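This report concerns only the one structure given below.
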Amino acid sequence: MCKKEVGKIIKEKNIICIMCPMGCLITVTIDDNGDILRFSGNLCKEGEKYAKAECTFAGRVLTTTILTQNSLRKLLPVKTNQPIPKEQLMDAMVFISKLKVKPPVKVGQIIVKNLMDMQVDLVATDELPM
Amino acid sequence: MESQVDVAVIGAGPAGVAAAIKAKEGGAENVTIIERDTQPGGLLHQCIHDGFGLTYFKENMTGPEYARRFIEKAMDLKINFQLGTMVLDLTAGLNVTISNKFGIQTLHARAVVLAMGCRERTRHQIMLSGTRPAGIFTAGTAQRYVNVEGYIPGKRIVILGSGDVGMIMARRLTLEGAKVEAVVEILPYIGGLIRNGVQCIHDFNIPIFLGHTITEIWGLKRVQGVTIAKVDSDGKPVLGTEKTIECDTLLISAGLIPENELSLKAGIEINPITGGPSVNEMMETAIPGIFAGGNVVHVNDLVDNVTLEGEIAGASAANAALANVISANRKINLKAGKNIRYVVPQTISAQKETTLSIRVGEPAEKVMLRIGGILSKPLRVVKPSEMLRIKLSLDQLQGLQEGIKDLEVSCAKRR
Amino acid sequence: MKKQLETEVLIIGGGITGTGIARELSKYKVETILVEKDGHIGSGQSKASQGMIYGEGLLGLFGLIAESMGDPNIQSDNPESTRMKLRKEGVAKWPQLLDDLNIEYEDESVLVVATNKNEYANLAPFLTVGNRVGGKYANVRWVDKEAVFALQPYITKDVIAGVYSEWDAIKTHPWDLTIALMENAQQNGARIILDAEVTGVTKKNGYQLVETKQGPVKTKFVVNAAGLFADVVADMGGDRDWGLQHARNTLVILDRRVSHYVNCTVMTPAGLQEFAVITRYLGGNILINAGHMTEAHGKFDTGSRRDELLENIQLAKRLIPSISEKDIIRAYSAIPASNTRNPGEHVIEPSSTNPKFINVAIRLPGLAPSPAIAEYVVKQLGDAGLELTTKSDFNPYRKAILRFRDLSDDAKAKLISQDPRYGNVICRCETVTEGEIVRAIERGARTVAGVKYMTRAGMGRCQSGFCGPRIVNIIARELNIPVTKVTELGTDSTVVPYKSKGLLERKAVR
């Protein structure tokens, strides 16, 4: 949504804060340089911090499963060890869907280093015993 | 076949394993956990998402990681696991009859911890109109298929209920390539954590219909669609607002019911509000020697709290097994007052520090939580989906009048 | 192209009628195939029945009064009618059959109670049953309020009086009957094909060609026992001068935990718009058939409607106030059909244009007359030219289905030592083991529903929430098919159609 205000082109982003059960709907006003002008709708500073983080980098930890080979367990649960951009979640799922992992695997073991060049590793969250 | 155990724990989910660990650490020698699945961990195995351990470990873990911490500790402590084993009977005399591929056994226990968790509310229990085709699952069963068995229940999904399980499955199925056509929620707000509302529904642009319900299921062999309608303030469908959504799968996320069939077999009365046995602060049921912790007592929100309850139950079970009688001469009933749905434990001795788990009845803002005359706490917002845990110190409890039998917990609006 | 099968008699429909006929025919040296459109036996109205085999007692009278309320032209109580004769014969034959086939059953008492003036006025006909019919029903007696309470501690305080029949029916699980009849028929040479809906019948020279979804069957004779679809199938075989009309009942099953609410069948007197019949299944679940007379919206109207469930519970509460919708574990609708030519009668006759095509379109009650109808149909086949030579090696006995939960601990232990799969409890609610499920599949179950009706796995309060995935895995393993091909009910009802990651294969990476 674009508005003109005192000659600057401004964007407004709506973010639902997840820091406490209030779930404030925070409106973040951003100018055309990408600088945040103001926050409104938040009842506390935590909300500002969260909203700022979401505007700069809306990251999500991806938790999913990988198919296995040579194992009684059919799936190994995995997660990214850091958040990845939420826009990349589906692509990451497609990438991971083509992989297969063999035992033994320990919790925390890196399954894919630097997943899709995002500087984030995919690690096992459970073990795959022999 | 018969054998003696000090503490028998029924269920190797988070409550059971935590209980077994504390029982062993509390001095009980032979601690046996009986688990019907082929691996310990309970439902944590299929909860591959994160959000576990935030309070207990101050880490953000996935379900399997959380489970693994405790399972490893239990193994280190040489706790016996009887996996792939079903409890067929439990008596008030603490006899546990079990069945597995090796045969039938009766364990004579000095103390028992019930940690059977919950089952899910079914389509029939909520009286959903329509046919009975293939393609209708409770959300947890669908989660088992997707995260453990390796199968996707359908391509076009509708989910009834916006509790955490429902929302988590909305995200999971979308990530696995299915299309979630709608999440339908009868209340005017989502049933689970806001975090899930954002990261499971909002992030994926999944259509969510608040203040709606499903009025009919269609399809003879396999689900073909559902009809949804707006509801009025009584939760009744409003004529003329019906809308049909095509789908091939319906997930029901309509709540959990503590699984107390064994408790009933032992003669333990089930509290109609919590769905579980009434317990005191030692997590002891009405039957001496039988303790309970976790979702079998009441439906928790956070596994961290399930662990804490299990730990108390396990420690108490060890005391009972070792015949360290800690007599609670005083018995004070906790009464649910204004806007309180229930309080666990239901009775306390007021002789030691106790943490109460409190669930409010309805969402409210700017309230005052009162516990008798000994605690007043202003809260900005309370929601039924987020349980309150309030610690009462020994000092506070000693401030109670002599001879008091009841303590009311209430949550009224502040003036 | 599927291989063409050949037989002498093709029975269409695996309900109580078709399986009864198959079993009867298997006494003779006659090649028989039964085709069933769904994935399991007794999948239609047979399993929807309350499971009572009854004749002329209180239940019988209830049915007759209800029928004549629905249609005053029905001359229901004529003892000379074919229908009443077949019912009487059937009731007499069932005890031997139940024992031979090792089917679980119990003798059932029935109590009709009045809780208000209208109901009280309708009690009278029930009281005369004892004198009128005599025999097993001679002890039908009046019970005053105190006596009712003694019989039924959970009955409403408003009860005025009742009529009690100490022995009124044989109580069974209706699906057990169809399964047992078909098993015994198969033991004696009959064949069954599931998922084999009939799509057409062509009269050829000297035989009939029946097209099914599993391929064509060449047969000399056809028996149309297709239940609700008997009219549709009749049209395929020839002409008919009758149609089917469909009524509808809503039935509710309660959690076994409240099985103590009744200890025999309790019902309101017939003759009123609203009725309630509360029964307890052998397994302990209470089954409530309550509501008011309605018409079905077609043959597939077996779903349930919330308002009807609430009405069902309301009416049941008037008899047993403790009953609550909180205890519902399952609900469905039954579709009692009758023919339009003579609603009080069965249609059991060859097609006017195809003498070797026997139409068997029966009406309620369908369990009781089954053995007699079977004999009657075999006779008609004989009259139509089928050669009936009895088999000397006919085996009337069927081995009982083993129920782990009913065994003593010692017997359980022994069983497990012989086959460890009996120690692996799969269905927690009903205590059904892997061993029993494997046996059910060996005995012919092919689907989740098939396993359910043979073992009870999935009939409990969690409605296969826990055991569902395990049962699906066992079926896939035993039938050597992918899990994605295991079905709930037969064709087009796969449980989990896609493998993990299977839906992502179709998405390209941007």
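Each chain gets a letter, A, B and C, in the order it is written, and its residues are counted from 1.
Throughout what follows, contacts are C-beta pairs under 8 Å (C-beta built on N, C-alpha and C of every residue); 3 or more make two chains touch, one makes a residue touch a chain.
Since the model is a prediction, treat every value here as computed from it, not as a measurement.
J.: Based on Cα centres, what is the most central chain?
T.: B
J.: Going by average Cα coordinates, which chain is farthest removed from chain A?
T.: Checked the centroid distances; the maximum from chain A is C.
J.: What are the two chains with the top count of C-beta contact pairs?
T.: Ranked by C-beta contact count, first place goes to B-C.
J.: Between chain A and chain B, what is the gap in Å from one C-alpha centre to the other?
T.: So the centroids are 28 Å from each other.
J.: Please work out the Cα centroid separation of chain B and chain C, and write it as a whole number of Å.
T.: So the centroids are 38 Å from each other.
J.: Using the average of all C-alpha atoms in each chain as its centre, how far is it in Å between chain A and chain C?
T.: Computed from C-alpha means, the inter-chain centre distance equals 54 Å.
J.: Would you please write down the residue numbers of chain C that are in contact with two or more other chains?
T.: 500-501, 504, 507
J.: Two or more other chains touching the same residue: where does that happen in chain B?
T.: Correct list: 146, 148-150, 176-177.
J.: Pull out every residue in chain A that's touching 2 or more other chains.
T.: Only 65, 67, 74-75, 90, 93, 97 qualify.
J.: What residues on chain C touch chain B, complex-wise?
T.: 257, 300, 302-306, 309-310, 325-326, 328-332, 409, 412-413, 416-417, 420-421, 423-425, 428-429, 431, 433, 461-463, 465-466, 468-469, 473, 483-484, 487-504, 506-507
J.: If you look only at chain B, which of its residues touch chain A in the complex?
T.: 45, 48-50, 60-65, 68, 146-150, 175-177, 193-195, 197-199, 202-203, 380-383, 386
J.: Which of the residues in chain B end up touching chain C in this complex?
T.: Checking each residue of chain B against chain C gives 1, 36, 84, 86, 88, 97, 99-104, 106, 119-120, 122-125, 127-134, 137-138, 140-141, 144-146, 148-155, 176-178, 215, 217, 220-222, 261, 264.
J.: Please give the residue numbers of chain A that touch chain B in the complex, ascending.
T.: 16-18, 20-23, 43, 60-65, 67, 74-75, 77, 79, 86, 89-90, 93, 97, 107, 125-127
J.: Touching chain C in the complex: which residues of chain A?
T.: Touch residues, chain A against chain C: 65, 67, 74-75, 90-91, 93-95, 97-98.
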